[in-house]
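For reference, the structure discussed in these notes is given below.
A, B, C and D are the chain letters, set down in written order, and residue numbers restart from 1 in every chain.
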Amino acid sequence: MTADTVDLAEKTPDEEQPYAALGLQPDEYDRIREILGRRPTQSELAMYSIMWSEHCSYKSSKVHLKQFTEKVAKNNKMLAGIGENAGVVALNDKIAVTFKVESHNHPSFVEPYQGAATGVGGIVRDILAMGARPIAVMDQLRFGAVDHPDTPRLVHGIVQGVGGYGNCLGLPNIGGETVFDPCYQGNPLVNALSIGVLPISRLQNKTASGVGNAVILMGAKTGRDGIGGVSVLASATFEEGSEDSRPAVQVGDPFTEKLLIESCLEIYDAGLVVGIQDLGGAGLTCALSETSAAGGLGMRAYLERVPLREASMEPHEILASESQERMLLIVAPENVDAVLAICDKWGVLGTNIGEITEGGRLVISWNDQVVVDCPPGSLADDGPVYARPLREPADLILLQADRAETLPRPTDLRAELLTLVGSPNLCDKSWITEQYDRYVLGNTVLAQPEDAGVIRIDEESNLGVALATDGNGRYTRLNPYEGAKLALAEAYRNVSVTGATPIAVSDCLNFGSPEDPAVMWQFAEAVRGLADGCLEMGIPVTGGNVSFYNQTGTVAINPTPVVAVLGVLDDVTKRTPMGFAEAGDTIVLLGE
Amino acid sequence: MKIGVVTFPGSLDDGDARRAAGLAGAEAVQLWHADADLKGVDAVVLPGGFSYGDYLRCGAIARFSPVMEKIIDAANGGLPVLGICNGFQVLCEAHLLPGALLRNSHLHFRNRDQKLKVENTSTAWTSGYTEGQEIVIPVKNGEGCYQADEHTLDALEAEGRVVMRYLDGNPNGSQRDIAGIRNEAGNVVGLMPHPEHATEALTGPFGGGVDGLVMFTSVLASLGVKA
Amino acid sequence: MARVVVDVMLKPEILDPQGQAVANALPRLGVTEVASVRIGKRIELEFTGEPDLEKAREIADKLLANTVIESFDVRVEK
Amino acid sequence: MARVVVDVMLKPEILDPQGQAVANALPRLGVTEVASVRIGKRIELEFTGEPDLEKAREIADKLLANTVIESFDVRVEK
């Protein structure tokens, strides 16, 4: 088989390339040609289109997200922040925790079970990549109307997917949210959070340093999963009849992920790894370019060494594949055998696919044909950045004018109460949480129905953490600035009431299309609100995720920032559960 | 006394089982699925989880691991063996216990605090309970529906080999509300609910129950009696 | 390559809740002419050489089916 | 009664973790001549009257198979 090589690209500068179909703008394509000094090869075009997509480059959100680092006072407890796979916060001078919340909305609409399952799998690998042992998960779900004909497919598939993956991975589910609102009908939200714990000495990063070090790909074989999924699935909306263009869906294998976790932890503890990166939505493309860009060196990778599920895969497909349960490790040559031996012990594939080089170029070949030769920073760091136009939604004034005070007062309180209790958003959630394992690992101190999940981290000292997530799309639609602050305040309170001290924030910002100035305004306002709120509370945003293009046709979902607050408890035996403890206790109402 | 806890690839509650053994006063020993060596342990726990992903059938692949060959021999020779959840499934697949565990009748994974009635205390693992005692232990499984033919079920009942039964609602549709059974000799017990998750007030079922710890203290007592 | 198919079904006397759930759902889809549904497994074994029915039967008996609750059937697929 | 069998298999490009786990276990049972294993579903529909292939195909498409990741095959079993 022959591929579109760098040589060929030089010889055929006028070849027409489908950059627009890959989601690249004409000026973005021109910049790629400028960077390379020639037309990109097919593989390079795939890589740039993936890395410069909204999903990977944060091109529309970057200018706003800066506030999270600029507005917050420097925090010496934060060991890793925005830009890393997940933020890491020290609890004391030995132990740190890392947590993050991420979306998997679009894949979950296409295939609810697998979409939700691989959402959990993806966030857990982010936590693992920081050097941490994942210790719990949470899930934040938004569905359409409870009585819509498509809702059962989504609810049951998604809940079973979250449970199926998390339960099989052995991670307790310690909380989450379930909201029904017609605005999510064609675009449910599936956000998943994971938290992990690590000795500070085990903190990992994704830097590919050390010329001559080996590049090891660990985990599942690479298949045609979600080829182009990042650019197609994450940055376009679903239209009727788009079935044919659907790329193959990623299928999760939690068993392989469990083995990947155990083998990576053993490799960390043996001190065998220089850098590590999980393979997420953008597969090898992202892992190869981000690790080599972070190291400031070059990298040579050999695609024919990548274990494939289907032999007929072409180089650009191998680079774009979203196959799950894979990690990329940078390992000193003398440690390669030891790493592969640990892989073998756990029955995980480990393959040496390349090495770190001098010269600052990422060079990728396939059967002796060079298919990629570019500066890795141009993929990972120098993507386009847009300051998109913002405009307050035209209907906002009307919405705000329609005030609650004008509603008729209820005359029958009993009926009001029954309506509330019976509403899908307020009713008991145990039909969901009973499908999740809350006990595994034996450290769950509080979970459903509590306001926050509490996990013991150290059996000797009883050190522990509390986590809560909140978000309210309806408030945020009415006032995105205050809505984001409210989400923060609610999660902060939910953590505080357990007796924990809040110390850090992660967020998942679910919005419509950034190309719509009204949506972009909502986004800008929400980020400003969250940043201001965090400044007031004195806790930093350590990481998060932006999910744009959540809409059906041109109608966006309600802007839905989901905010996660992490708190610390020096002694989890002193936690305060909700509910009244004893008869005779005094009831006090705090606040206004 | 040493209680060995097997770790198969995909075992999840192995750490909890080791912690429980320790809380009961035993030395917990990790046994690796690929080792055909029981490291001189006095009893074995096959923990919960999804061994080998529980693909094909729960426990089907784990049953063929090297450590299981040794455990089958040792169990036939009287070594106390407790299979919890996935471990119960492995014991059935290995024919150390009769019957099989099928998909829950409601087709969902279910995790809840489960009330149980202790039916039989003449096993190595339940001697510390009193017959008829009601206890609460978490249950969490997707395939915990115990099934056997009528003849086998009648024999189990007649011989007092039903060890625990679900009370106040059967969480998985198991026949005759069976939660756990034992072999004829009483050294091998399989149980769907998870006693290792009810050994500490802080992390146990709602209300702080530690009813599960008795299973681990029972085996130590029965070993002491023998020694 | 040669493919052997192993069909594994629950024995008739064993309750099949999954099949039942499907059977119960059918009338809601307007299907009334299906009396019962059973759900089992279809396992495809690709042999490197000649398809070996004897071997397949042995694998099925030992691993693929739990003969306490399941029965199986082995055949070469052309 | 007339039986229609619906075989539902994962599409070839979709990961089959079940089949893979079984394939990995076989060498431990001393089986080396099986190159790959795929696991799917075999669904038996008993029709009250004549077996209706068209109807079965409709049911498979709507309910039995998830056509995003699975393909199916329908046939009458004699």
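Criterion: contacts are C-beta pairs under 8 Å (C-beta built on N, C-alpha and C of every residue); 3 or more make two chains touch, one makes a residue touch a chain.
Predicted model, so just to flag it, every value in this text is computed and none were measured.
Colleague: Any idea whether B-C or A-B has more C-beta pairs in contact?
Modeller: A-B
Colleague: Can you give the whole-Å distance between the Cα centres of chain B and chain C?
Modeller: One centre to the other, that is 29 Å.
Colleague: Centre to centre, by mean C-alpha position, how many angstrom separate chain A and chain B?
Modeller: 37
Colleague: Could you work out how far the Cα centre of chain A sits from that of chain C, in whole Å?
Modeller: So the centre of chain A lies 39 Å away from the centre of chain C.
Colleague: In whole angstrom, how far does the Cα centroid of chain B sit from the Cα centroid of chain D?
Modeller: Centres of chain B and chain D (C-alpha means) sit 33 Å apart.
Colleague: Show the residues in chain D shared as contacts by 2 or more other chains, in ascending order.
Modeller: Each of 17, 20-22, 25, 29, 39 in chain D touches at least two other chains.
Colleague: What parts of chain B, by residue number, touch at least two of the other chains?
Modeller: Chain B, residues with two or more chain partners: 52-53, 55-56, 61, 64.
Colleague: Touching at least two other chains at once: which residues of chain A meet that condition?
Modeller: Expected reply: 253, 255-256, 347.
Colleague: If you go through all the chains, which pairs of them touch?
Modeller: Once each pair is checked, the touching ones are A-B, A-D, B-C, B-D, C-D.
Colleague: Using the touch rule from the top, collect the residues of chain C that touch chain B in their complex.
Modeller: Going by the criterion above, the answer is residues 13-15, 17-18, 21, 63-64, 66, 68-69.
Colleague: In the complex, go through chain B and note every residue touching chain D.
Modeller: It comes out as residues 52-53, 55-56, 61, 64-65.
Colleague: Spell out the part of chain B that touches chain A in their complex, as residue ranges.
Modeller: 9-10, 12-13, 15-16, 19, 48-50, 52-55, 108-112, 138, 140, 142, 194, 196-197, 200, 202-203
Colleague: In the complex of these two chains, what residues of chain D are touching chain B?
Modeller: Per the stated touch rule, the residues are 17-18, 20-22, 25, 28-29, 39.
Colleague: Which stretch or stretches of chain B touch chain C in the complex?
Modeller: Within the complex, chain B contacts chain C at residues 56-57, 60-61, 64, 92-93, 98-100, 102-107, 145, 147-149, 173.
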